[in-house]
Amino acid sequence: MAMILELALQGAQMLLVVAIAPLVLGVTRKVKARLLARIGPPVIQPYRDIWKLMHKEAVFAHNASWLYRGAPYCIFAVTWVAAALIPTYATGLLFSWSADLIAIVALLGTARFALALAGMDVGTAFGGLGASREMMIASLAEPAMLLIVFTVALVAGTTQLSAIASLFATGSQGLRVSLGLAVFALMFVGIAENARIPIDNPATHLELTMVHEAMVLEYSGRHLAMIEFAAALKLVLYFSLIACLFVPFGMAAGQKTAAALALGLAVWLAKIFALAALLPVGETSVAKMRVFRYPVFLGGAFAAGALAVFLLFVSRGY
Amino acid sequence: MHSLTFDVAHLLAGTMLVLSFLLLYQDRVTAVLNVFALQACTLALSVAWQSVAQNAPHLIVTAMVALAVKGFFIPAALHRIVRRLEIHREIEQVLGGGPTMLTGLGLVALSILLVQPVGEGAGIIVREDLAFALAIVLLGMLMMITRRNAVTQIVGFMSLENGLILAATGAKGMPLVVEFSVAFSILIAFIVFGVFVFRIRERFDTVDVSALDSFRGERTEHT
Amino acid sequence: MAVVVGLCCVAAFFAVALLALVRGPFGTAFVYGACGAIALAGLAVGARALADGATSAITLPIGLALLGGHFRIDALSAFFLVVVNLGGAVTSLYALGYGRHEAAPLRVLPFYPAFLAAMNLVVMADDAFVFLLSWELMSLVSWAIVLAHHREPANLRAAYIYLVMASFGTLALLLCFGLLAGAEGGYAFDAMRAAHPAAFAVELAVILALIGAGSKAGVVPLHVWLPLAHPAAPSHVSALLSGVMTKVGIYGFVRIVFDLVGAPAPWNGLVVLVLGGVTATLGVLYALMQHDLKRLLAYHTVENIGIIFIGLGLALAFRSNGMALAAALALTAALFHVLNHSLFKSLLFFGAGAVLAATGERDMERLGGLIHRMPHTAVVFLIGCAAISALPPLNGFVSEWLTFQAILVSPLLPQWGLKLTVPAVGALLALSAALAAACFVKAFGVTFLGRPRTAAAARAGEVDRFSRAAMFVLAALCVLAGVLPGFVIDALAPVAQQFAGGVMPKQSIQPWLSIVPIGESRSSYNGLIIFAFMIASGTLTAFAVHRFATRATRRSAIWDCGFPLDAPQTQYTASSFAMPIRRVFGSVVFGVHERVDMPPPGATRAGHFAVRVIDPAWRWGYGPLARGVAAAALRLNQLQFLTIRRYLTLVFCALIILLIVVAAWR
């Protein structure tokens, strides 16, 4: 009986992230539009977009291969698995120990690998452009991500997300500059990975400014719906990660009573929507960077992560 | 061990180190001056906190001096100089951004490595303050040698000095701290004047102030 | 006894080599088939010895007079026997199909079994003489195979450099064994284990082992022969050179530094660690600059050797500080990566060989669209690319995850130099993993995806079933090792116990078959569950799309933003794919210089794009060294032309100097 309950909670988390992802995207777009003095689309527009795309015919090039047709399923499935394994409203769920922070980052790497290959499949210049830029951004963001993981693991003594969330929720680690630097670095890395301004413009139609859009240029119909959905899931994943690592208060831990779960759910939704509203504030205050300024941006994230690690060594007197 | 005193001191010193890095990162003169002003304010806060924690009221004077002179007067003066003399707003760098940053990280690691065996008996607060201060000094020097602009060299020197004051106030009971900080501020003021004079001489070929009158255009000459 | 059976396998290999010299009934099929069977027997021996955890040794009256040759199989030898013979068996299977393309089979056939025999002998050697003899035999025989296509001048140069580097490596190893044998001259490994040389001799021995074994493995800056020699050999032997012989180099290093040397100081671990990190990063950056498929794979081997050395360096550092569990973790991670690399690098070289056999091209810029023409090869090559890019749920990810876990334990080390260096090396490891993914997106994307760039690529056909079978076996092993890594870790437990002094928790009893490197509360990973999750969510997605979306599909021309250009030259090439990374990282490391020569408007000549990449190892290391040696040789050439009186003076001066030395010594 307890096993059924655990399974149900884990399954509910999986369904929750999928259900909420387009709404988060809609909120982000709405806030951005309002900041730009527009009215903007309704917040449920992404659901309608996905529904519309699913009912459109999928058009392929003559030389598109099985990889092109199968990649959207792979990308969506892998991103969903990664998003479902981050603690949302409760820690210590049934399969939370099967993937730690490093494994989740690597799962996102798998999705990116599939996407880049799909971009190169048809053999256009845009696909190659998007794929090569995406791999460069990934190679710049990975060292910064590792240093963030290192910082958090040094403070918490583990890389298991549930354990980190439980530990940080007790507030015993105190006020730490290193964690502040780590959250900055994670935000920069998140912006780079999710293809937001200043790294990439998710609403652009200019080829020279595309990274993510260039890779999916040839997709249409249900495949494009899956890829768009996967991008929204990735955004929710990063918000969830920031919430779990740096503001893990309010999660249901230990005994999972209905009240604790409801509280955990409400708190999580509040955190995600707060971050979703914060993102456009940052996006509208800077301009998109030139491609060869990305190393400066991500190098800043790397320096913040490295400083965080060094400060930890100094302060704890390891 | 993790008392509030320690945490806040750690926070402020760490913020100063981060600001030193940010100084290395900027490529416009006005941004450099603003970040420096912020660093001086953080220094003032840190010194004020140390005076409360160590029960040393004379450190408040140092904090006031730092805030007034380096947080307000000198950045304002330098802003005016930059505007008036039309000094290059863009900073040329000797090394690229990447290598400079990596060198900066290496210097921080070196400072930590150096300070570790020194303070073995002295307790963790002193060791940590020394490591941060040494890192800020080294980063200030790095800034001086990798930037081709006179104003940024002055700012580098001043941030180096901020590091020294941080070290001095961190060590309990260092004598003549207030006197040192005032003396350093006067030194800085004279350096700024020197640069000012040099630029005037470069621009107008003379430092005779009356000669400036001849450039005034619409005003007529009068004895 | 295991070692007796192992030596019989070696003897069988030599017999097959001799028979291959005779033509007639002992052709390609016989040689490769026999080698495959013998390798399988060797694999069984190794696996059994590893499972038993027992040591068997024997002394044969061969070799040096009155001293004999010692042979032993312990846990480490057993593991490397498994690696070597698995590689040998699968390569033989592959070569049953691929070997038919060989134009001059007698240049390869007799040497191939001898190569396998020599590698097995190195792993089973228990004294310095047998070890060095087998090592040299291995180098010589592989040199002969590298020279198989000797008509091309590039291959001649590659073979020459390979020979020089191999000799240099053997010299370093000879000096190392000399130091370890000490004044008594006990050259058997048992004697070396019992002897306790002075501290400085120990340090020097470690450095010499690093140079000697490291040059065989491919550590920067001793790697220069690797990307020249590995592509020059036929593809199945390239797989053996990259996937297996480099591992024998690693075996040599582990045997000397972890077993024969007593207790090296912690700073040795630091040196190995830093060297590993630098090797990994430089290797993958070199690989990204290449557009020859086999050279790319060879440079990538350098990167993986770097990752293995990072694990070994960590194991050394932990062991010298007495942290047995952490040392076991690091050593297991390094050895797991040894196994993984031999699996997926062989797979990738087989794929490259298949592409070469089908199209006659090695240059990626002349391939493309092969996924339609060679579907099976494309699938297994994709699995190999995903495995080497350390993507879950495959095996590359597991060994990298274990290495990262070992890095995360490093703050417990007392030495500050180590404490501050390990995060930096960790960042380099993450960087090289991400760059490896980029490299293999490029390799697979440009070779197999897109549209064919030449007629040869458009006409390609699928390769024979032996090659495909070999590749499928390796791909299946990659997936298995990724999904069930606990069994591999448990199999490595005897090795960790013997050389690191501790064992990791037993993995096969963990709930749901996850792996727990240190403790349940610290971190865990479950490849099986992740794999199951992926399958489940993929199926669920497909089902939902089936149910709720329309199934309508239409084929049409490429959209390309409304400017469909049919010419395949409008696709991205290998060098254009690597351009962002080349600009960001290459300008600092390699002095990359791109030159674009565009004709003025109206002129009808073609534009020209040239990339110049300078290899720092050649420019700052080997170039000046070679010039220095040549200059010194030129000077010393004067000694050929002296008069008789001058020669007599030389002899006289030498005599006087020696007499002075004797007088001063007294």
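First chain written, first letter: the chains are A, B and C, and each begins at residue 1.
One rule holds in what follows: a contact is a pair of C-beta atoms (placed from the backbone, for glycine too) under 8 Å apart; a residue touches a chain by one contact, two chains touch by 3 or more.
The structure presented is a predicted model; accordingly, all values stated were derived computationally and were not measured.
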item: Chain whose mean Cα position lies farthest from chain B; value: C
item: Chain pair, A-C or B-C, that carries the greater number of C-beta contacts; value: A-C
item: Whole-Å separation of chain centres (CA-atom averages), chain A against chain B; value: 39
item: Chain centre separation in whole Å, for chain C relative to chain A (CA means); value: 35
item: Mean-CA-position distance for chain C and chain B (Å); value: 51
item: Residues of chain A engaged with two or more neighbouring chains; value: 295, 302, 306, 310, 313
item: In chain C, residues with contacts to at least two other chains; value: 420
item: Contacts with two or more other chains, residues of chain B listed in rising order; value: 98, 109, 112
item: Touching residues (chain side chain C, partner chain A) in the complex; value: 368-369, 371-372, 382, 386, 389-392, 397, 401, 404-405, 407-408, 411-412, 419-420, 423, 426-431, 433-435, 437-438, 441-442, 444-446, 449-451, 512, 514, 520-526, 529-530, 533-534, 537-538, 541-542, 545, 548-550, 552-561, 568, 570-572, 576-581, 583-584
item: Contact footprint of chain A on chain B as seen in their complex; value: 2, 7-8, 10-11, 14-15, 17-18, 21, 25, 97-98, 101, 104-105, 108-109, 112, 124, 127-128, 131-132
item: Chain C-facing residues of chain A, complex; value: 14, 54-67, 73-74, 76-78, 80-81, 84, 95, 97-100, 102-103, 106-107, 109-110, 112-113, 116-117, 120-129, 131-133, 135-136, 138-143, 145-147, 149-150, 153-154, 157-160, 163, 207, 217-218, 221-222, 225-226, 291-292, 294-295, 302, 306, 309-310, 313, 318
item: Chain B-touching residues of chain A, taken from the complex the two chains share; value: 174-175, 177-178, 181, 295-296, 299-300, 302-304, 306-307, 310-311, 313-315, 317
item: Touching residues on chain B, where the partner in the complex is chain C; value: 96, 98-99, 109, 112-113, 116
